[in-house]
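I have placed the structure first, in the form of structure tokens, so that the comments after it can refer back to it.
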Amino acid sequence: MFKKLRKVKELPLIIVLVVISIFIAIVNPSFLTVENFLDLLKSNLVLAMMALGMLLILLTGGIDVSAASVITAVNVILGQTLMHVTQNILFAIVVACAAGIIMGLINGLLISMLKIPPIVATLGTMSMILGIVLYTTNGNWITGIPQNFIDFGRIVILPRTLADGRVIGIPIQVVFLIPIIVLTWFVLRHTVIGRGIYAMGGNIESAERMGFKTKRIIIFVYSLEGFIIGLSAVAHTSIMRQVDPNAFLGFEMQVIAAVVLGGASTLGGYGSVLGTLIGVSIFSVINNGMILMRIPTFWQKIAVGLIIISSISVDMIQKQKEEKMKVCVDVEGEELYAV
Amino acid sequence: MQSKLKKVFSSKEGVLFVIFVLIFILMSILSPHKFLSNYNIQSLAYQLPEFGILSLSMMLIIMTGGINLSLTFTATLSMIVGGLAMSSSFESTGMAFLSVLIGVVIMLLVSAVLGMFNGLVVSYIGVTPMLATLGASTLFEGISLNITKGGAISGFPFMFLNIGNSAILGIPVPMIIFIVVLVYMWILLEKSRMGAAIVMIGCNPKVAEYSGIRVKKILFQTYIISGILAGIAGIIMASRYNSAKESYGSSYLLQSVAASVLGGTNISGGEGKVLGTLLAAMILQIISSGLNIFGLNRYLTNVLMGFILILVLAINFITDYLKKNK
Amino acid sequence: MATPLIEIDHISKFFPGVKALQDVSFSIETGEIHALIGENGAGKSTLIKILSGIYQPEPGGIIRMEGEQLSHLDPLTSLHHGIVVIYQDFSLFPNLSVLENITLGRFVKRGRKLVDYKEMRKVASKSLEQLGVEIDLDTSLGDLSVARQQLVAIARALANNAKLLILDEPTSSLSSSEVDKLFEIMRSLKSRGISLLFISHKLDELFAISDRFSILRDGRYIGTYGENELDDDQLIALMVGRQINYTIYPKRYLDDPLLEVQHLTKKGNYKDINFTLHKGEILGITGLVGAGRTEVVKSIFGLNSSDEGSILFEGKEITIKNPTDAMTSGIAFIPENRLSEGLVLRKSMRENLALTILESLSNSFGLIDQSEREKIVKEWVARLEIRPDNPDLLAAKLSGGNQQRVVIAKWLATEPKILIVDEPTNGIDVGAKAEIHKLLRSLAETGLGVIVVSSELPEILSICDRVVVMRRGRVTADLHCEGLNQEDIMSKAI
Amino acid sequence: AQEAEDDKITIVVMPKLVGIPYFNASEEGALQAGEDLGVEVIYTGPTTADAAEQVKMLEDLISKGVDVIAVAPNDAVALTPVLMKAKNAGIVIFDWDTPADPSVVDISVHQIDDQKFGEHMWDLLVEEMGPTGEYAIVTGGLSAANLNTWIDYGLDYAKMNYPGLKLVTDRVPTDEKQQVAYQKTLDLIKAYPNLKGIVGVSTPAPLGAAQAVQEKGKNDSIAVVGSSLPTDSGPYLEDGSLRVGTLWDPAKLGYLTVVLAYNYLNGTKPYDGQEIENVGTITVWDDNRTVIMGPPADFTKENYASYSF
């Protein structure tokens, strides 16, 4: 049992998460309430979805700094569709996903066909997409989203009535999150292309020699990320009930940070769905904890910065120790280490 | 001779230079009195250095295979601490020269220390540069906010403003500083053993280590240099803006990555040219200024900048492709 | 005679400035073991890359498989035709498990959309079984030693049901018993009608296993010969264009200690290692793969600090915490994997050569003396006869043997007192091997102490004065090589 | 083509940043005034609230050669050197929305008296939550000078006049984003269960706070007030999660700035009690330089629909 647990690569991260949580819970027990967890879930579900999309990208050895501008663009398109085209939610979702996929596809084509390094290609598209969105909307909010969509966003699953008469439950938006988790997990774990994503992140030349069409994989991955971003936009808009073209400024860095904190390598090949979800959780819990622990405003950023650096350092030192243990030979007269 | 010329123009720097000249000519034709005015050329010369130095600082780290997301906050935290020391010593002593000296020295020291912090986390602890510097940027921003409580540090002696706003023999002081930095960086990367080591570490740290290069030490030093460069940019900014605040120059962060890569720096490390980054920074600068003078919508300017970034790399790809299949 | 399995017809391949292959034609029969031989840079790997669809041949060249002309080969169609290659660099995925490294290709080849872990497990265990090795399927490949990684690569090829299995220097990091095992497998594949194209620089292996030889020299096809048509010397002459002898150097007794290793221990790596290297001596360290030889020499070079024990240099104890410490004591180390540890492939020969001597090339301001660098680079390129001799060439574009020479050159340029070489002639042709042996020998004669870690016993017996044998992390014998034979050493290693 | 129009008056109006609703509304006003008066109005600013970017843009605009620069500085002192340059180049300097360094400014156009506005928000808070109890401040950003000024005035005022109010924690920053304000407010409600009021400063902040309050079913027990745009506030005012919002019409502010700049170029300085068409009566302080547009408008469930900004 213990041995099996030790094999779980995400273990150090889980420990970090648990330690931080315990710490917060001691200072403020309301951290451990169901209600707080539901709030956490609802507030960070978009981050989690986008992080899973970003994970796919990082695994191939790419990066997508345009993610935030893509979700902004999809939000605007979604908002306009709902207000001016149709109130049909399903149709709007399809439009949102299609918009996300198209933008992802553009990134994928630039990267695979023109061989532009991902960070630059997406920096370029970020600049262009955001520029176009803000030029057309002028940054104005889209309010007046149809009521049926707002009502849809307010649905809760498994409602419970609290003592004060309020109803809490799992927010409807998990119907986007859960399928995305399952989808990314399934793609990465059980499809050949998913394993190809890992393979090309590990050694792109070998992947090509093995017969993987890496260009197609890149295009697939960026499109899939676009699709995920499309759904994230639906989730976001259904929570916020308006579209603010500036709402995601700088969000891409948070997404990338959460994924990397979750153990993914920016060089590709390493990272998992579980790890990413833990990375997102650590981020959410830290942010949540700042106010719950009543840390003074002007100290919060310092605390967050320190927690990020120290938890990743601990993880790193741990990994290096393991690395050392790995180079082990069956030395005569010594107990055998697991290789 | 002709083939030499051909070689120059088919190099990445050559392409950038041609693009720079073309854009410059275009801007000049479109608006000869304004763009080519003496004032505008001067103003470009004042604007370029801070961005150029930050881009070089970013390029240096990218060459090691990393990235420095705390770049602008390094600049601002050091200018805040130095600025605080400068204005308070000026207030208490009234001696302008002394307090400017104190201020500048502290700014450089702080930036070195912040660089050291990044270097420590990246090289000795081994944290991925992206994550380490992202954490550091939150930390530095937090410390800055904590010191300023959201305001700006000001009250610098008038003498300090000369650094960013005056000229010697008609050459703006920031430009002189920039030229010194350029020469230093050129020598560092092209002529020195540290540069040679940085390049090799950027390609393959393991091989470098196996060849007796003190990889950790050099990485550490590289982050310190990058920090100090950010500090120098910070000094220029503080002086040009007559104050110090945590948010100054935040828009330079991604722009400096763009300038590095546009200038031919390999984003995965091991390759980069000072000249290329300089040209790229100049291109971005004249586009931004030129379009501003025309009064083009800022967002369309962004669209255009993004387009040019992709275009240049696409051109690089196509010329490479044609060369290969010749 | 039946149609051959594969016909290579007038194949050429030009790179800028290099004619890697010129008009090469020969064929491989079904169920034969065919050896492709030639010096470093002769074009062997290039030919393989054409067969596997990575490179396209120049127009006019044709490849026929079972009589059918293959118009265009890309990696996937090549796989579909049953051409499976194990490359010199294995082409494996360090981040994936052994299981997937072995079986993923099958799924890609068959155009499957989903992976089936049960099926994978079955296939992988079967092919490992065929190989007769035991490796935990769930370990990630990056955690394995080079040798075991290669076993995985072979297992993968088995899992791919090849018609033509191409092995580019498959034995270079295998110990002799594992080579025997591999040969057994190769023969059993042959008996099942599979053809094998085999590249090796080790003549004894070539003769032991091959049915026919095709010889390349400078990108040109020289001829194909049956097993019994040629002897060693003739083969070498055809390959190199001149006569080369495999020298057994005289064994010497030297007693001026240069480096003494005492009770060196590192938990989980090796235990209580003792040996002495004398001035002017070549000391071999041999043993089976995984015996811990590499770890010991890495510790001496400061790459892997030991837990206990001491190292004495000229009688004085020294502490070596990192390579710089080791270099200060005049120790140089040539690692076993030149691709990942020895060379920066993306950079030029010049930059690679100068990497170890940056310190001595630069003045007190840290600036490099460019003309001095040029001089030294030229000198070493000439001394080790690196081909092509253009220092601007990227290391990646050199052939394996020439790459190794660059690595050796970069360390000799430091003018070391002790030279440690881990598998120095791994992947190096006979001619070059002899040159390198001669070089090591002449270096030793100038008073240099040389440690040669090698699995190749003939090599040990050819150049070493003494040999230390290791087994499972311990020294089992410390022998003088005078009158020693391979069996003496083998008995201590197993 | 541009050279030919050089004799036409050119007025630059530079906001802190472009592309947010507030400054878009001012743009409309400013451009409208330009049209009405027949002058060229250039409304341009950085895409993020970065003083450095503003300085660069101003330098380029000096190169371009304009008659008036009216700027809403992201940081007052940072702009002093460049504004001085502009002044030396013969350009008239205005500030609007947020004050710049008074020593370089010819006219300073304020939407509001900062002190009065700060105090007004606290008055609204007390009106809604009562004079005693715990409250929190949710602000756009920690380094936004005008937000800080209002909060500081409000806090001083509360200390004197409402000793029963208890601020639970320092002002909470929300990056000018409703999403963040929403999350932080959720946390505030949990961390401080006795919370009775929230002041939201900056336009998205009160809305995010209101959304969280609504969701926690605390519309009755927690009063949210603050500075928001009435058009965006509708839904929250409707369900009672936002009790009252207060703001001025940013379009009028833009309009006023351009009109005053035009007058200034024609030799007319603003004076106290001056009637400005489409804006109203303005107040001018004794320094003859500081112009106050007028009191803010409060909007509630009942009247928000009648505002157009």
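Think of it as A, B, C and D in the order they're written, each chain with its own count starting at 1.
Keep this in mind: a residue touches a chain if its C-beta (ideal position, glycine included) is under 8 Å from a C-beta of that chain, and two chains touch if they have at least 3 such contacts.
Keep in mind that what you see is a predicted model, and the values were worked out from it rather than measured.
By number of C-beta pairs in contact, A-C leads when A-C and B-C are compared. In terms of the distance between Cα centroids, chain D is separated most widely from C. Here the CA centre of chain C is 71 Å from the CA centre of chain D.
Note on chain placement: the centre of chain B and the centre of chain C lie 44 Å apart, centres being C-alpha means.
The centroid of the Cα atoms in chain A and the matching centroid in chain D are 35 Å apart. Annotation for chain D: residues touching 2 or more other chains are 18-19, 47-48, 142. Of all residues in chain B, those that touch two or more other chains are 145, 149, 297, 299, 302. Residue positions 134, 298 of chain A each touch two or more of the other chains.
Chain pairs that touch one another: A-B, A-C, A-D, B-C, B-D.
Of all the residues in chain A, the ones that touch chain C in their complex are 190-196, 198-199, 201-203, 205-213, 269-270, 325-334, 337, 339. Residues of chain D touching chain B in their complex: 2-3, 18-19, 42, 44-53, 55-57, 59-65, 74-82, 89, 141-145, 148. Within the complex formed with chain A, the residues of chain C that make contact are 52, 54, 75-76, 79, 85, 87, 90-96, 100, 104-105, 107-109, 112-115, 136, 139, 143, 267-271, 290-292, 295, 304, 471-474.
On the side of chain D, the complex with chain A involves touching residues 18-21, 23-24, 27, 47-48, 142, 169-173, 175-179, 182-184, 186-188, 190-191, 193, 204, 211, 216-217, 231-232, 234-235. Within the complex formed with chain B, the residues of chain C that make contact are 303, 322-324, 326-327, 333, 335, 340-347, 351, 354-356, 358-359, 361-362, 365-368, 370, 410, 414.
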